[in-house]
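Two complexes come next, and they have one chain in common, chain A, joined by chain B in the first and chain C in the second.
Presenting the complex of A and B:
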C-alpha cells in the first residue's frame, strides 16, 4: 500500500499539472468573475461599493465563479477513466478526497489572487482591507473546497451533472455565505476597515470547514465504490 | 410485514390529534398579546420540530445504511426525508399565515427560525432531483445516504449562522425571558407535539408499507412473467 502522503502529492501534482497544461478551469473562472463585476456595475448602477453591498457583490461573484470550477473538478476522472485507476491503485481513498479538495483550494486561491485586486481597483477606495479580507476568504475557500469536492464527485456520476452541482451546493453554502459576508462587510466600510465581530465570524467559518472536512473524510470512501 | 401494528398506531394518532385539537380550542387560554391567531402556534411549532427531527432521523438511517449496506435503511431514510419535506411545506405555510397575522407581512426576514427553516427546506428539496439523476440503484442509494448525512450536519450549523446574522433580538413566543409558557399552554403544546410526532410516524409507516406492497407485487409479476403496468417506476427506493 502506497503511503497516503505519497498518494496525496501524486494526485495533487497530477491535477495541478493537468490544469497548467490545459488551462480549462481557471481562466474561465477568472474571466467569468471579472465580467460579473462589470454586470454588477451596471445592474446596481454604482461605480464605487462599500459595506454590505461590496461584500455581497464580491462573495456572490466568487461563489458563482467557484461553481464553474467545481463543476469541472471530476470531469477528467470520469471521462478519462481516472476513477477506475484510483479504484485499482493500492491507496487510501481518503487521499483522493484530500488531493481533490486541495486542488480546488489552489484554484480558488488563484482565482482570488487574480480577481480580488481587480475588484479593489474597480470599486474600492483603498487597499487597506485586503490583508484581513484574504484571511476570511481563505477560510471560506477551505469550506467551499470541502463541500464542493463532495458534491462534485457525486454530481459527475449523474445524468444532470452541470445542473446538480449548483442546485445542491448553493443551499449548502448559505451558512458559509452568511459568515463570509458577515466577516468582510465591516472590512469594506466607508471609513476604512473595522473589525466588528470579525473573530466570531472567522470562528463560524472555521467550524464550517471542520465539520464538512470531517464529513467528507468520513463518507468519501462510499462515493468511490462501484 | 411493514403493516404490523399499523392499525393501533393509526388509532392512537387520530385519538391524540383529536385530543390536542380539543385542548387547543377549548382548554388553552387566549394569548394576551396576539389573541386567537396565537393558536396556530400549536400547529406550526410541533410541525417544525417534527420535521427537523425527521430530517435528523433520515440522516441516522443513512448512516446505518452506509455502515451495513442494507438497502432497507435507505428506504427508511428516503421516507423519513420525504415525509419531513411534506411537513416542511406545512411549516412554511402556517409560518407565513402567522407572520401575516401578527406582523402584517407574509414573510419576515428578521425572524431567524423561520429563515433557517426555509434554507433547510430548500436544501432538502434538492434531495429529489439529486436522487433521481443517478441511474444505478446501488449508487443512487449510497449517494442519497451521503446527501442525507451531509445535510444532517448542515442543519444545526445553518441554524447557528442565521441566528448570529440577526443583529436585533426578536421577541419570541416560546421560551421567553419571563419564564416561558403558562402551564395550560405548555400542556397543550406538549400534547400537540406528541400528536404531530405520532402523525409523522404513522405516515412514514404507511408509506413504507405501500412501498413494500408494490415491491412484492412487482416481484410476483416478474415471477409470473406478466408485463408490469406502466413501465419503470420512479418511486424509488424499492423495499424488500
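Presenting the complex of A and C:
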C-alpha cells in the first residue's frame, strides 16, 4: 500500500498543477463573485453595507461562486476515465477525499484573497474586520470543502451535474451558512467589529467541519464504487 | 501453480439486463486468456470486474488469490488495465501522467524517472513525452497508456483491444511491453479472433446474455 501522505501529495499536486495550467475554475469563481458584488452595489443602490445584510451579501456570493469550482472538481477525473487508474492504485481512498477537499480549500482561500478586499472596497468603511473575518471564512471554507467534495464526487457521473450539485449542496450548507453569517455579522457592524457570540459561532463552524470531514472519511470509499 | 483468475458462475447485471450471465474459467499464473464476443457480450464488463472497478452481481471471483469484491484492496496495484479510454489526464504531459501514476504506486525518485524514461523509449514516445496529452494523436495516447499500464510491473494485465489506434510500428513496440512474459498473466479482449490466438493459452467466447466457459486455444 502506498503511504497515504505520498498519495495525498501526488493527487493534490496533480490538481493544483492542472488548475494553474488551465485556469478552469478559479478565474470563473472570482469573476462571478466580483460581478455579483457589482450587481449588489447597483441593485441595492448602496455604497456601504453593514450587519446582517453585509454578512449575507458576502457569504451568499462566496457560496455561489464556490459551486462553480465544486462542479468542476472531478471533471478531469471523468474525462478519459482517469479516475479508473486512480481507483486501481494501491492507495487508501481517504487520500483521494483529503486531496480533493484540500484542492477545493485552496481554491476557496484564493477566491477570498481576491474577492474579500474587493468587497471591502465596495461596501465597508474600514478594513478592521478583515483579520477576524478571515478566521471565520477559513473555518467556513473547510466545511464547504468537505461537503463540496462529497457532493461533487456523487454528481460527476450524472449528466445533470450542474443542476445536481447546487440542489444537494445548498440544503446541506444551510447550517454552515447560519453559523458563518452569525459569526461575521457583528464583525461588519456600523461602529466597527464587535465579537458578540463570535466564539460560539466559530465553535459551531468547527463542529460542522468535523462532522462533514468524518462523514467524508467514512463514506467516500463507497462513493467511488460502481 | 496457483490460479491467476478463478471464476465460477460470475454474473453482472445492469438493472434487468445481464451483461455477464455466468462465466466459468480458471487461468493459471503466466497464462494468457483471449476473450472474444460480439458487441454487448460483456467483454469490457468482464475486464472491469476483474480490475475490481465493478462489483460482481453473483457467482464467485478470485483474482491473484483475492476473493472479489471483499478482498479487492489486496490486488489493486498488482493489475495493469488498458481500456477503451487511455486513463490519462489531458492537461498533463505524458511524462507528468506517468510520474503521477508512479507516485500512486509507491515508485518515487530516481527509480521512477529511470523506469519512465525506459518505458517512453520502448514505446517510441521519448521525443513527445513532454507534450500535453490533449495535443497527442490517438495512437500516441495509446502508447503512453501502454506505458502507464505496465509502469508498476503488474502481475496481471487486462487488455481491452490493446491495438486500438496503433500503427504497425506502435503495435510492434507495444507488443514488447504488453506481450507474453514469464509469470505475467494476461486477459486480452479482441474483436479479431486471429489477432492474439497464437499467444493465448485459453479462449473465452462470450455471447449476449449467455453463460460461457473458457476452452483451450
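The rule we apply is simple: the second predicted complex is superposed on the first by the 226 of 226 C-alpha atoms of A that agree within 3 Å, B and C clash if a C-alpha of one lies under 4 Å from a C-alpha of the other, contacts with A are read in each partner's own complex, and residues count from 1 in each chain.
In the analysis below, contacts are C-beta pairs under 8 Å (C-beta built on N, C-alpha and C of every residue); 3 or more make two chains touch, one makes a residue touch a chain.
Since the model is a prediction, treat every value here as computed from it, not as a measurement.
In the superposition on chain A, A:225 makes contact with both chain B and chain C. Of the two partner chains placed by the overlay, only chain C lies in contact with A:84; chain B stays clear of it. Shared-chain residue A:175: touches chain B; no touch with chain C.
In the superposed pair of complexes, A:215 makes contact with chain B only, with no contact to chain C.
Once chain A of one complex is fitted onto chain A of the other, the partner contacts of A:160 are limited to chain B, with no touch recorded for chain C. Overlap of the chain B and chain C interfaces on chain A: residues 225-226.
Within the complex formed with chain A, the chain B residues making contact are 66, 119, 122-123, 126, 129-130, 133-135, 139, 142-143, 145-147, 149-151, 153-154, 157-158, 160-162, 164-165.
Residue ranges on chain C touching chain A, taken from their complex, read 48, 51-55, 73, 76-79, 81, 83-92, 96, 100-101, 103-106, 108, 133, 148. Touching chain C in their complex are the following residues of chain A: 1-3, 6-7, 9-11, 13-14, 17-18, 21-22, 76, 79-82, 84-91, 225-226.
Residues 147, 150, 154-155, 157-160, 163-164, 167-168, 171-172, 174-175, 178-179, 182, 200, 204, 207-208, 211-212, 215, 218-219, 222-223, 225-226 of chain A are the ones that touch chain B when the two sit in their complex.
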